[in-house]
Amino acid sequence: MRNVVPLVIAFVAGVTMMLALFVPVLQPLQERASVWFIILAAIAFLIGGTNLLLHHARKIAQQEAGWGFSAVTLVSFFITVFVGLAKWGVPPSDAYPNHPWSGNYITEGAPLWWLYQYIIDPVTSTMFALLSFYVASAAYRAFRAKNTEAMILLGTAFIVLLGRCSAGTFLTSWVPESLEALTFPGATAVIMAVFTTAGQRAIMIGISLGVAAISLRIILGLDRSYLGADE
Amino acid sequence: MLDFLNRLDRRWIFLLMALAVAVPVLCKPIFPEQPSPLTRKLFDTIEELPEGSVVYMAFDYDPPSQAELGPMAKSFVRHCCLKKHKMIFANLWPAGPPLVDENIRNVVNGEFASENFVYGEDYVNLGYRPGNQVAITQIATDLRKIYPTDATGKNLGVLPLTRSFKNIFDADLVLNVSAGYPGCKEWVQYAGTKGDLKIGAGVTGVQAPQLFPYYPDQLVGILAAIKGAAEYEAAIAQKYPQYADPQKNEAIKRMGPQLFAHLLMLALIVLGNVVHVANRRRGGVR
Amino acid sequence: MRQVSKLLVAISFTASMWSNGAVAAPRPATDVTVTDRPNDAGTGLIVKWTLSPDDEESAGANRVVVYQIFRQVNGKPSEEPVAKLNAGNNEYSDSNCQSDAHYQYEVVAVAEDGETSAIATHAERIRPVVQWFDSSRTWVAVIVIFVCAAVIICTELAKHGWSTYVRPIAGLTAIDEAVGRATEMGRPMLFVPGIMDLDEIETVAGLTILSHVGEKAAVYDTPVEVPTARSLVMTAAREALEGAYLAAGRTEGFDEDRVYYVTDEQFGYVAAVCGWMSREKPAACFYLGKFFAESLVLAETGNACGAIQLAGTAESAQLPFFVAACDYTLIGEELFAASAYLSGEPQQLGTLKGQDVGKVLAVVLLVCGSLLATGAMISGRDSLAGRAHDYLMVHVLNKGVGG
């Protein structure tokens, strides 16, 4: 019984969203449903934030493996929340000079801006940059000519890697312009525009139909595993 | 030796990659770049717009992808300033607004300070809005619903540039620099499908293959990764000789480290295959 | 109020005539027409006019710079213009109308020096019309109905014993192997349901697989760690996992604290999960949902830990990374098929057959489109192939006819 109400909501919301594509009168409902999702997700952050505090507090209290990281997490969390909410160090805006909280929270020079500029920016950039290291180790391990398909993959990787840097241009600079497709950059463009695009289109069509099928299963209540168990 | 390579600690590979990137960063080698047809198409689209056209700059990225996307965002702004197009900046990523501010500060009010571009007339910064594709849908139908004011709280109705800008279709071109979701795909799906909209894209390398199916119908051009940005800088330098100095072009400078990183990858792939063949000959384990 | 301002404008206009001895007001726009905006819920009207003769460079001081659009709703005029359009614009689409009101529009041309023209308007007040069906999407509706009908019919047929054979999906058959391995090694498992929220169908697909993995884990009493990047996903994942333990009859084994929220920030999340992997050395890792640049970082860290790894996403840009670094990968639609496959229920498997009918339709349309485009190129636009191609482009795809 516990799952009947969510199933009814899923059915009504799903059918409404689908019909709204064709029935203009229902379009405001579609927009409203999307906006409501954003509101729900924002409110759910309270659940997430509470869970974050409890989870890490428990780890610190029980001194589980990595509890030091939990301590750093909580301290950083409180500092950022305080600095952001209190608009600490943010001067009032020009339009409302007598209202201390009227300035933009991310004003240059303010502590939150400082956190952004000197902590969030370099730390997240570093995490993203780690990809280059992982790509290299994956390339060493995975690109091996074990069979015909792997050899085609290997050849393609070679052409694209060279075609996307100056070496490819330099190595095939002697090829006449009329045979541009035989240069590394030219071949890369052909691979991307023809083979990759054809594959991408096929995957996109498959994914779209897969989305349609799973959506129907959820709307019709055939698939209810995401709701947990019925009691 | 073969056993060492079979059990190669990945930290050796990490060290080699660090060297392949760090050495060229310090030595700053510069390699020539030529715009590809795809880049040329996007460049020509901006170049051929009449002076004073309205360009909506949807900069949907944040600090992690700044190294890859920052140079192309800067090139787009620079090109629009050169052509005296009017720019409306906006952002759908919560950590993105300072990057838009940086472009305005360094390019519009820095590099082009002598042009005296006026806020509200020549450019407007709408700021960040949450909502992902919902936000895009509203920008495509009624901008004021989601952006009643700009980033500083000024009513859009009082700013000359935005007072008759009802929705995205009032822009002559949309330039989207995106690192993922929401990004170029969402702009095509939720705004591009509602009418005739010219969208030019600058995206990360991994995203580009996903967007090729949309070219040339839904997208007028695609810049992929730092290579695309370098090609765009080369196109600007060819047309505007004041930008021929490679030191003024961030992406062209970054192609040096990229070259050595790619060559290392190729060497690693070759080495991996040598190990593979040797193992097979030995009747090996891997 | 507006009448007063118009009077003041008229007085100042007359005064300026006396003082300058010249007419300074621009000539007005003409031929104002208002029509209903098609395919909406009675919320839009389109106002069109012929540009003022002074809307050009050569008009000098009288040159029109802006058109102000005033609106009367049921006879009540607006104090402020509803829109100000730069010179050269001769159309305004008003999206803020209501289907039960009558509207009248006035167009006023404004010159560079602020002088306003006489008011141009239309004869009859007009009411927006509610359209109940967006006719521009007729063919999309036909295709949607076709695909949905195929899915529902196949589901019904499957209920009545129609064969629902689905080829084995290696990644899904490996779930038992992964759980067994973790049990043997006495190490936990990691389940990452992507980094996006519940409005992404991939996240929902990931959670359906979580309940299956959870059921196996409950039977073998192997812990599953589920760090999430969204609060709502955490709540849903807890529900799904608790349900799985309940279904396995092992409710006492469910530990709520193993499903927790980390952060919305993409790389902060990755750092936390990779840190956990390095410390706990999971025996099996599942990455099923929507992923972006973090995919390879997660998969390579899992690989370094020696974990058996299963990934699945519909984000095609990330598939190559998962294929390179994981033992098994569910590619695109396989992720969506997983819940039906794992359930083994005929009606769920039937939906996969319906999906295949959709694929056949897509292939037929692709082949027809290619043949018609080729035929149109060879025999010209006026031929049967050319006209059929144009119909396909304009009516089915809603596009202008290209080359």
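Per-chain numbering from 1; labels A, B and C assigned in written order.
Note that in this section a contact is a pair of C-beta atoms (placed from the backbone, for glycine too) under 8 Å apart; a residue touches a chain by one contact, two chains touch by 3 or more.
As the structure is a prediction and not an experimental result, all values here were calculated from the model.
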Among all chain pairs, the one with the most C-beta contacts: A-C
If I average the CA coordinates per chain, which chain comes out farthest from chain C? B
Distance between chain centroids, defined by C-alpha means - chain A, chain B (Å): 17
What whole-Å value do you get for the distance between chain B and chain C if each is reduced to the mean of its CA atoms? 22
Residues of chain A touching 2+ other chains? 34, 124, 127-128, 135, 137, 139, 141, 143, 200, 204
When you check chain C against every other chain, which residues touch at least two of them? 265-267, 293, 316
Spell out, as numbers or ranges, the residues of chain B touching 2 or more other chains. 10, 64-65, 95, 209-210
Touch list for chain A against partner chain B, complex: 31, 34-35, 38, 42, 93, 95, 104, 106, 108, 113, 116-117, 120-122, 124-125, 127-129, 132-133, 135-137, 139-141, 143-146, 154, 157-158, 161-162, 164-167, 169-170, 185, 189, 192-193, 196-197, 200-201, 204
Complex contacts: residues of chain C adjacent to chain A: 39-41, 130-134, 137, 140-141, 144, 147-148, 151-152, 155, 197-199, 201, 204-205, 207-208, 211-212, 230-232, 234-236, 239-244, 246-247, 257, 260-268, 270-272, 275-276, 279-280, 293, 296-297, 300, 303, 314, 316, 319, 321, 323-325, 331-333, 335-337, 339-340, 343, 345, 347-348, 351-352, 354-355, 358-359, 362
Of chain A, residues touching chain C in the complex: 18, 21-25, 27-28, 34, 37, 40-41, 44-49, 51-52, 55, 58, 65-66, 69, 123-124, 127-128, 130-131, 134-135, 137-139, 141-143, 200, 203-207, 209-218, 220, 222-223, 225-229, 231
Where on chain C does chain B make contact in their complex? 66, 83-86, 89, 93, 95-96, 196, 265-267, 290, 292-293, 304, 316-318, 399-400, 402
Complex contact set, residues of chain B against chain A: 8, 10, 13-14, 16-18, 21, 31-34, 36-38, 62-67, 95, 97-98, 101, 130-131, 133-134, 137-138, 151-153, 205, 208-210, 212-213, 225, 227, 255, 258-259, 261-266, 268-269, 271-273, 276
